[in-house]
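Look at the two complexes coming up: subunit A is in both, with subunit B in one and subunit C in the other.
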Partner chain A sequence: MTARLAIGFAWLAALAAVLFLAVPLLTVVAASVSPTPVFDLPLEGASLRWYARIGRLDGFWPALSLSLQIALLSTAIALVIGTLAAIAIVRGRLPGAETLATALVSPLMMPGLVLGIALLQYFRAVGFTATWSALLLAHLVVTLPYVARTMIAGLALFDFTLVEAARTLGCTYAGAILRVMVPALAPSFLTAGLFSFLASFDNYPVSIFLTDVRTKTLPIKMLQYIEEAPDPTLAALSTLILAATVILLVASDRLIGLHRMAGTSE
Partner chain B sequence: MTATELPAPSPVVSPAPDRERWLAIGFAGPATLVLVVLFALPLALLFTASVAGPAGLTLSEYEKLATPHYLGVIWNSLRLALLTTGIAFLIGYPASFALARARGVLRSVMLAALFLPLAASVIVKAFAWTILLRSDGLVNTVLIALGIVDEPIRMIFTETALIVGAVNIFLPFMILPIYAVVAQLDHRLVEAAATLGASPVVAFVRVVMPLTLPGIIAGVALVFSLSVSAYVVPTLLIGERYPTLSTTIAKAFLLARQPGFGAAAGVVLLAITLTAVALSARLGRSGGSR
Partner chain C sequence: MTAPDAPPHVAVRRVSKRYGPLTVLDRVDLTVDRGELVTLLGPSGCGKTTLLRLVAGLATPEEGTIAIAGRDVTRVPPHRRNVGVVFQSYALFPHLTVAGNVAFGLSVRGRRRDEIDRAVARTLSLVRLEHLGARRVSALSGGQQQRVALARALAVEPEVLLFDEALSALDRNLREEMQVELRRLLREIGATAIFVTHDQDEALTMSDRIAVMNGGRIEQLADPKTLYERPATLFTLGFVGQSTRLRGTVAAAGDGMVAVDTPVGRVAAMGQFLAGSSVVVATRPEHLRVVADTVGHEGSDRARNSVDGRIRAVIFQGSRSRIEVAAGDQVLLAEAPGRIASALNPGDAARLVWPVAETFAYPDPEARA
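Coming up: the complex of A and B.
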């Protein structure tokens, strides 16, 4: 009886959690098709005109382009150097491997704001004033821990004797890496890439200290729009970003499986 | 030629140990360089800036933080984090058990409901709450329709809005680590406890709770450190009326041009986060060795 009650309570909490988490996302989608400039919910009618106005938001295209450049580049670099470091940590005879593993993940526990002000003062102190490069370097620090964490975990589960087995069976070293190690690690690699791209694309607290008047990333622009004049155009933009995220997640689910990304091995 | 004279099988992948070590160092090199040059050095400089005065070392910036006003600001940050963590735990802990029992389509739907908000922009979600909590917003409409209130209540720019938004944004970070542990739970242990005469409550408190403790600690530490340093949520949902350490830091750098004071506030925020992380690591270890 008590057990039944507890299970019922658990399901109730889960239902509440799912609804609670879905509400803001549904709200944004609903508000984006609002026929009037105020967010009248529930809707009376629907209109797509706000979508047409996204491109006319002041400074939208440069901000989107900057955010994409920084997110893609920082993710690509982080994937390369993070994976190399993970291989050295898991496989190599590296002195201080444990310490390096902890250090690589440590920026994750750091408030983004603190990293932002630390980099701001540091770049000023060394006279580094190139905004674009400063953003890229800062986002590298943001994305690297995601790659390191996922790739160290992925490589720890990889059986390296498989590479040697492939070589014994006649593969070249490069061939063994390409045909055995790369496919086995592809899910970790994709997960790492997805997490770091999202972490960079959505980053506000680090970027805010490193942008200037002309160079602003999309999250900074969006917060500015919201504070200045919120209208359904922003909801339309948010809906498009959500849609892109859904596509990314569905693709990852097909390729990797969400429950694997959630950390269960099942 | 006898069998003993057969050439040894050629080594497959065994370069000299020395070469392998250098290779490993080369592999780890670029990431280590990034970590030192773009993380360790800037942090060191932040500490220096927080104690650097015109005439040598000084704690004057920290003394400013010890005034009643800024102690209140620090308390605001802690209060936000404690309330958010507490409420997220109360919802997230039982929800993780249901999630772990779910199978098939239901599990996919629930996981999607967790991952999508996690992947969605914080600004988008906070913006949604500003729409929902307006005095003519959906929440008020529903409350009035249900007869809970007679006229719209003011929610946006109140502490309620702040906490609702923060719990909403950080809840997945509570559920996922706990779910990862609950999903691995061996249900036979619970049955064994029941067989040995434990009531469900006793079995839960003595068997299930301790086994899920690592997940609880991880989730609590994560949500606490994220919410104590939240910036977008307080900015959009409560604003000036509820200054936190984060908003104070941002103001010191972006508006007031007080980098020394901002650095000191940053060090305090970092100290709070690191204390939470260290405490959880310690609790996690002692829990594991028991």
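Coming up: the complex of A and C.
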């Protein structure tokens, strides 16, 4: 009886937690279809007119383009550097590999604000003023830990005997890497890329210090819109971003399984 | 089996391998005939796996040569050696199905699709997994994974099959079953194979010949029976099977025999030593017969050794029992069938009798320094 009660309570708590997490998102979605400029519950009718206004927001397209550029490019570079670093750490028998791994992942534990200020001062000190490149470098600092962490975990589970097996079965060394190691690590690679992209795309605290009047990433632009004109257009934009993220996650789940991405099994 | 004058299928000549200051293999010679199964047996760190990796091409020796089927492959990379390796971890490709794993070597070789399909079906039926081709390898049991690994190695029709502790990961019953089955299968297809293991029972069961390795060298290379009955060195004696040993000094020598003074009296043994040498005399416990009556006239003579003592322990081991007999400050190990052992009790006086022909003398490794 007590056990059943406890389980029931646990279920209730879980449900409450899910609601707590989901309600703000649902509110945004609801707000995005509000027919009036001021969001009010209960909704009286629905309208998609705010979606049509997204594209007409001042400076929206350049901001989106910049965010996508930075996110894609920093993710691509982080995947290359992070994977190579992970191989060195897992396989290289380096002295201090543990320390190196911790250092590589440490920006994850650093408050973004601190990171932003530090990077700003550093770039100033060395006279590095190109905003776009500075943003890219800063985002690399943000994304690299995600890639390094995921790839180190993936490689630690990878049995390098597989490469040897492939070689004895007729593969050249490069062929063995390509035919065996790459497919085996593909889930880790995809996970790393996904989280890295998302981390860069919605980064605010680091970007805020490095953008200028003409070069603004989407999250910064969005905050500016809110301050200027708080109407449901932003809710519509948020809903689109939310939908894109959900599609991305579902696609990845179909491809490799979310439980593997979260590292909760296998 | 081929004619005795046929060239060896695998020939390892004076091969050495060093990792930094550590010499892992020290001028090792080994030949394996076509269709022969040779086991490399030894404790961990003896160099057996390294030797296997050298034959596979996964490592290169500092000196010496390796030839497979008459071709010098010392510097040939693994993908051009045509060897099949079964790894301890099986190393199955997790992103491929069972059939995909077995087909791997052939598809890398660019064989035609229908040819590959036929070979995969044939090989899978050889290891009795024909019904599991479409399964993911992670969905298989340990024994099934082991068979897939074997099938994958067999599918490319390699010159030589190499097994690196291939059965160690299986539990005991399954391992013994696989030993017999693998032995039969390899015989059937006439495979030349080198088998690495640290398990002496596995080596005795599987092999045509066994190379006992120690400290980067082959201590003895012989068929299982010879290895067990006539171990050439004290290490082989100790590593394969149980033994009873006594330390002593040679008192008299001649005719390939020695009389050795031990703490429990004079013992005769086979061996060539100068009088005064420090030796270890040893025999297998099953040769020691326990006689409960110590006053009878059955004692030492030209063909028999005998030692009087007191039974210290009788350890039941199923069909046989282990009997420890204390004589002076020595403990001798004997073995007896349960029927005889049940009449023995700790504390009883007992006499141990065993044939001189089964007693061997070895140089005392501790006295050499």
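Note that in this section the second predicted complex is superposed on the first by the 265 of 266 C-alpha atoms of A that agree within 3 Å, B and C clash if a C-alpha of one lies under 4 Å from a C-alpha of the other, contacts with A are read in each partner's own complex, and residues count from 1 in each chain.
Basically, contacts are C-beta pairs under 8 Å (C-beta built on N, C-alpha and C of every residue); 3 or more make two chains touch, one makes a residue touch a chain.
Values in this document were obtained by computation on a predicted structure and should not be read as measured data.
With both complexes placed on chain A, subunit A has more residues touched by B than by the other of subunit B and subunit C. Judged by the touch definition given at the top, the superposed model places A:105 against neither subunit B nor subunit C. Touch criterion met: A:120 reaches subunit B, while subunit C stays clear of it. By the document's definition of touching, of the two partners only subunit C reaches A:175; subunit B does not.
In the superposed model, A:190 lies in contact with neither subunit B nor subunit C.
Once the two complexes are overlaid on the shared chain, A:93 sits against subunit B while remaining clear of subunit C.
Looking at the shared chain after the overlay, A:164 reaches both subunit B and subunit C. Under the contact criterion defined above, the residues of subunit A that touch both subunit B in one complex and subunit C in the other are 164, 167-168, 173, 266.
Listing the residues of subunit A that touch subunit B in their complex gives 2-3, 6-7, 9-18, 20-25, 27-28, 31, 38-39, 41-42, 80-82, 84-85, 87-89, 91-95, 100, 103-104, 106-107, 109-115, 117-122, 125, 137-138, 140-141, 144, 148, 163-164, 167-168, 173, 198, 202, 204-205, 208-209, 219, 222-223, 226-227, 230, 234-235, 238, 241-242, 245-246, 248-249, 253, 258-259, 261-264, 266. Listed in rising order, the residues of subunit B touching subunit A in the complex are 12-13, 17, 20-21, 23-28, 30-32, 34-35, 38-39, 41-43, 45-46, 49, 91-95, 97-99, 101-102, 107-117, 119-125, 127-132, 134, 136-138, 141, 167-168, 171-172, 175-177, 179-180, 183-184, 199-201, 204, 225, 228-229, 231-232, 235-236, 246, 249-250, 253-254, 259, 262-263, 266, 269-270, 273-274, 277.
Chain contact summary for the complex, subunit A toward subunit C: residues 159, 161-162, 164-173, 175, 179-180, 183-184, 186, 266.
Interface of subunit C with subunit A (complex): residues 56-58, 77-79, 81, 83-85, 87, 89, 91, 93-95, 104-105, 108-109, 138, 152-153, 156.
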